[in-house]
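For reference, chains read A, B, C and D in written order, and residue numbers begin at 1 within each chain.
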Amino acid sequence: MFVIKRLLFVLLVVWSASTITFFIPRISDINPIRERFAELARLGGFSAGELEKIVESYSKAFGLDKPLMQQYFDYIGGVMTLDFGVSLNKFPKTVLMLIAESLPWTIGLILVTTILSFVIGNLVGALAAWPLSPKWVRGVSTSFILFQGVPPVLLAILLIFFVAFKLNILPIAGAYSIGTVPDFTFEFLLDVARHQILPGIALIFGSLGTWVLSMRGMGITIQGEDYVIFAEHKGLSSYTIFKDYYLRNALLPQVTALALALGNVITSAIVVETIFGLPGLGFVLITAIRSNDFLVIYGIVLFITIAVAVLMALVELLYPLLDPRVRQGQE
Amino acid sequence: MSTATLELKNVSKLYRVGKKEVHALNPISFDLLGDPARIITVAGESGSGKTTLASIMLGLLEPTTGQVLYEGKDVSTLSGSQYRDFRKNVQAVFQDPFAVFNPFYQVDHLLEVPIRKFNPGLSKAARRKAMEEALEAVGLQPSEILGRYPHQLSGGQRQRINVARAIVIKPKILVADEPVSMVDASLRANILEALVSLRENHKVNILYITHDLTTAYHVSDSIIVLYRGSVMEAGDITKVVESPQHPYTQLLINSIPWPDLERKWDNQQYANPDIQEISGEGCKFYSRCPNRKPECQQTPNLVPLFPKHLASCRLHPPKADLDAHLTNNL
Amino acid sequence: MKISKLSIALLAITTAFTMLTTSLFAGGHSLAKVPREQTLVLGWSITSPIGVTNPFASTGYTHQEANNLMWEGLSYFGIFNDEEIPWLADSMEYTKSDYTQLTIKLNAMAQWSDGTPVTSKDVVFTFESQKNNNKLPYHANFKQFVDKVTAVDDKTVVVDFKMPAPRFKFQVLTLKFDTGIPIVPAHVLSKVDNVNEYEGGNDMPHSGPYNLVLWDANQKIYDLNTDWWAVKAGRISMPEVKRVVMFNIGGQVGQGMDVVAQRVVNNEFDATLDMRSSVIGNILRQNSKVTTHSADKPPYGYLDWWPNSLWVNTQLEPYSDARVRRAMSLLINRELINEIIYEGAGIATIYPFPLYPGLEKFANSAAVKKLEAELQPGLYDPDKSAELMKAAGFTMNGDDLWEKDGKTVGAVINGFEGIHSDIVPVLVEMLRNGGIDADINFGTDAYQNMADGKAGLYMFGHGASLKDPYTALELFHSRYSAALGTTAGSNRFSRYSNPEYDKLLDEMAPLGGDDPRFQELAAQALGIYWRDQIDIPVIQWLHRIPYNQTYWTNWPTIANPSLGMNGAFWAHTGMLVVSTLKSAK
Amino acid sequence: MINYFKRNISLTIGLGLLIFLILFTLHGLLTVEFKQAYPLAVRPKQPPSLKYLFGTDFFGRDLYTAMVVGVWQTAIIGLLAGAAGTIIGIVLGFISAYFSGLVDVVIKFICQILTPIPAFLIQVVIASSIDKRDVTIITMAVVVFLLSWMAPTLVIRSQVLSMRERQFVAVAKLSGMNSLEIIFKEIFPNLLPFIAAAFVAQVFQAVFASFYLAVIGLGPLREPLLGNTIWAAQSQSAFFNGWWWWPVGPSVAMILILGSLALINMGLDEMANPRIRNKE
């Protein structure tokens, strides 16, 4: 019952997101197909006269000549079957194919950086709130909260300049070295990893502050809980209390925040990917925005929304397994 | 025949949690008469429905069935001056001496609002005077109290302000919901005394809600014992405490370490409360009762056993010639 | 589970997952290793769909993204030598003096990469497709001019025109810059149901020197076809570049060219797309191996065929008033533009065409010089501008902006972020300083606004004339003057209409460019262009391409014109640039 | 009061930073010539000096003036979007909690459904869909606000709901207050720290989002908004050309603004949630 409810909820989220993404672009009368052909014309190679006829015939092919509501229902129907349509820009590639090609890069970057920033951020946050940590540790770790004010995009720009330009110790951009042929060798993987370091750092530090802040708050709350006080009185070592009672209990609610944070991480990843020229979802999205490839824009926005909604639902479903208190409460 | 000041008619409360139904309060009827002023204890462990009963009487909670009548009129339909009259005359002292204070305001707020609302004509000085008098009546120094924020005062001080609030309003009926359970023992007598004097000097009827039979025995005239939403036993306080008829009341009284050395502290083993839950039909105490019998699986009625003494237990045959109405037995 | 163990486990799982998926999607290719000194690395923004190599594929194919290495034309044009370079065709001549018939003779050795010879069948198929398929880019030209295409024999094709077509051979059949058509293999495409949707893929038979061997989102890799017909036919010697890697520099935020520039400095790229003048100067300063078309001297590049004007919608109030257009032109300080944006190089222009040899001759002709002195098209004079605005009924309002009937001149300049983000902000400010309420729009709706005629001003090039001014001047013919509310074609944003002007153009149409009468008429038409300020010419367009000589030399420059082609590897002639590079070792 | 500031260090530092920024901007607004924030006003490409405190850019803007105007415009966007989001949040939150029943269910449901949708993506879609000629500071604020009112609504709603269960509300009722009085006189004052925190969080979000939009070139391009300046510096390859002062100034300003807001937010959190108060 609970599962079905969550599933319905995810469907509703997807429906509202797709409705929003469908209708917003219609408030302007940009014809993306014409824009695309105009760009080709600008690059040369098109004599202009027949452009409108070409645009017209393609509008028909993409169903843009149908009544708005008809388009809407077709679109919603497609979304529900993960059929986001075809790319105008990269026709005949489908949006789903584009997502599938770029997704591994994004997932790789986001997963690694999210986990690292989650682990580091929560540890630092816990130390900031832990009354037994030395004063300077608390001071230093609390100051990590300031990273909240540093947008990853700025970090990315600065890292490229100082680390890649000036020091020249890490690759400037790209997913792997020029001319390398992707295959499953150790060298290639090492090459990929080297290229992920700077974007990774930008993302990790960009999202660290939030974790430190919320963990610190959580930690202070937990300190007052009976079981921590009880553990103290039992005479357990402070390390054990920190790890098993304090950290563990404070961390659990943070897990729920993880899914929601994913939305923000993706936002940052999009811009960071673009700056570093990593061919992930964000790169594809920004390219699509720049070329008015609107089905790709919708597709990626929706895909990310679905991912976040599903992950949130999953976390909610799995949470009782992590926290015995909730498990009991539910039965 | 004077009208009852507050009359409960078949009042019950049912909570639905998902598919589960929880009877917080089974139908109960009784009146609180304006005169003579009395102190009635409602006793029971947590979850017995005491606080639900109090909330319903105060008009803070809608009953699922039945009616609460104030001076003969349904409380839920009152409006205008009638409502204000009800509000003024049916008041409460709550358990938690911190939660009743709005942390945003100085403690004066708690006393000032009812004065302004119920005596709209008073000047500022008169209001101040009323507050000071009430504070003094509960043994507080007004200068030490007024202008302070709640967190700057001790629990005992706050609870006495709480009582002072009742004094300021001078209601006809006061529901005191565990007024001393969160206060230092040394201050309890002080607060209870204040309550008793309200009855003595201002003719206030008090419904004293507690799980503590000792204090109940000291201050009240009669008692209602609740268990899981149902009345187990009721009647004159002395009769009930000294010769409890219902096994549950017996349990309660025997588990009190009475200072009386003659009495033995009964350590009788009671059945595990978890073994068998009877929902709906049957005696609520069935699963824990050491004397349970098959017929106990049918709900017993509250019946008179002695004058001013009722109980709902199938172990005792009712005395048909006695008045079965709860009010008349209190 | 312990927190630490949990996180380590999660990390390991993620890393493994990433690696697995990456390799899955990359698809386990294995290519022979080619050393860096035999590899040419080009930096370019690749937008076309992966795998689309078919020149007839509609939304995908573009010669600019290294597909010019696969597809060849009948002939090429070396702009700086002003000279035709015969290629698939040995010759291509008008065989009637009124330009109504053209005879094409193909090279006997020409063949597709699968061994099939290139024959007249392929040429006829290419031409017939353009004529009959309205989704192909030159459909309009073929429909307007071509009557019939006949294969006389295996290697000879005759094209009969409906009317004199003196520019058809050069404009449509010769590959140069971004125009002209490549010849496609009939034996492949005639079997395809819908040629517009056929991708082609890596293995499509083609005639050019390089085979596409790998294409992912990051890069396209081409390897040399050592069996290339052009070598055997003696057109060219065997190219030294064994492998071409076109690396996708992507559409970075703000089109961050500094990353690209730094990679040139680091010798990662051998050449890239063109740079801003400040950037190219810094590249040269930081790496002495890098050179440009004009060596290490400004303007560090060569003239492109795309001079940019501030196009004006001549039908929209208040731009319909020629005085307002002229007033705006008078506010443009072309000297200052040269100074702040182009480091002193003389880029600012008064012509709607590039000053290539033929056109420079025209611009320097006595008739044109006389008109220039008379009309002063390049004049910067705010006072005169103010006079004209007053004469047009405008008054200066409290914000120092011209106003008429309570409305300022809402002059939003629509431009393209990647190429115009240096010049447009400056133009906006120049107009504002003269009281025109100007602003910037680099949005993706810029083209739409131009085409729909919603806005008044657009920054855009004239991709037209190369040899004579006809095509540039013809852009303003009334036949293209779409009414407001209807859509204007590309390069037809002026919506200008003037019978006097049309008459001149109609008379010029059947004449060859070197005809004296043609020159006379062209000067008159240019005079009207200046007098009426049909648009406001601003700058010539330059290509400042860095040529890195660490691995490759013999780039086409002023000192070493090679075949006379421009150095853009993305132009149709880019194939010749790549094929003639010499190893630096 | 002073003692409280001593205890709540993050609030103190945050407010200090904010006051510094406000003074900087106010002083700037009174002394600079606005025209110098736009191109062709001063000698281009000059490094920081006494004459040009923060240097000048490629287009000939004085970057000190551009910074003053940029911070001011950023503040307008932040305050407008923040205030709009918070007010909507308060109104909907109170309506939801006060009327309960169907109204509450609907409002809560809409908020919950919209929450998982990554707002920035939608903002990008909106910003790239509206007619670019209409992009101004105000439209930026509107775009940013459109999808950011749910969080304050949910926070205020749940706070009102939990307040309503508090005993002092029951007491107020017994003391003769009616529902409206209870909401405004008893509940509302206690929500002030939450509202302040929600407001600061909203402003933070708005500044952040508008900054991102501007950095990717979706802002009002002529204005010297901080993000726009960075966008312009990036597109003219400022770092590569050695004009490091061009992007660094606005970056530092943005970090200071966001940092001060984050600190204030944390300080207010401590104020609103006494358990997080430093136990010293």
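Methods note: a residue touches a chain if its C-beta (ideal position, glycine included) is under 8 Å from a C-beta of that chain, and two chains touch if they have at least 3 such contacts.
Note that the structure is predicted; figures quoted are calculated from it, not measured.
**Q** For the pairs A-C and A-D, output the one whose chains share more C-beta pairs in contact.
**A** Pair with more contacting C-beta pairs, A-C versus A-D: A-C.
**Q** Roughly how far is chain A from chain B, centre to centre by C-alpha average, rounded to an integer in Å?
**A** The mean C-alpha positions of chain A and chain B differ by 57 Å.
**Q** Averaging over Cα atoms per chain, report the distance between chain A and chain C in Å.
**A** Each chain's C-alpha centroid was found; their separation is 37 Å.
**Q** Nearest whole angstrom, what separates the Cα centre of chain A from the Cα centre of chain D?
**A** 22
**Q** Let me have the rounded angstrom distance from the C-alpha centre of chain C over to the C-alpha centre of chain D, please.
**A** 44
**Q** If I count partner chains per residue in chain D, which residues reach a count of at least 2?
**A** Chain D, residues with two or more chain partners: 128, 131, 215-216, 230, 234, 239-240.
**Q** Find every residue in chain C that makes contact with two or more other chains and list them.
**A** Within chain C, residues 253, 256, 258, 262, 417, 444-445 contact more than one other chain.
**Q** Spell out, as numbers or ranges, the residues of chain A touching 2 or more other chains.
**A** Only 28, 30, 153, 160, 165, 271, 274, 286, 289 qualify.
**Q** Which pairs of chains touch one another in this structure?
**A** A-C, A-D, B-D, C-D
**Q** Can you tell me which positions in chain C touch chain A when the two form their complex?
**A** Checking each residue of chain C against chain A gives 2-3, 7, 10-11, 14-15, 17-19, 21-31, 36, 39, 41, 47-50, 58-60, 62-64, 134-135, 137-141, 177-179, 197, 199, 214, 216-219, 221, 243, 245, 247-253, 256, 258-259, 262-263, 266, 268-269, 416-417, 444-445, 447-448, 451, 460-461, 463, 487, 489-492.
**Q** Would you tell me which residues of chain A are touching chain D in their complex?
**A** Per the stated touch rule, the residues are 9, 12-13, 16-17, 20-21, 24-25, 27-28, 30, 131, 142, 145-146, 148-151, 153-154, 157-158, 160-161, 165, 209, 213, 216-217, 220-221, 224, 260, 263-264, 266-267, 270-271, 274, 285-286, 289, 297-298, 300-301, 304-305, 308-309, 312.
**Q** Which part of chain D faces chain C closely enough to touch in the complex?
**A** 38-40, 44, 58-60, 128, 131-133, 135, 215-217, 221-222, 230-242
**Q** Can you list the chain B residues touching chain D in their complex?
**A** Those residues of chain B that touch chain D are 58, 60, 84, 87-88, 91-92, 94, 96, 99-105, 110, 113-114, 117-118, 165, 169.
**Q** Which bits of chain C are touching chain D when the two form their complex?
**A** 253-258, 261-262, 276, 278-279, 282, 336, 340, 412, 417, 421-422, 425-426, 428-430, 432-433, 439-446, 449, 455
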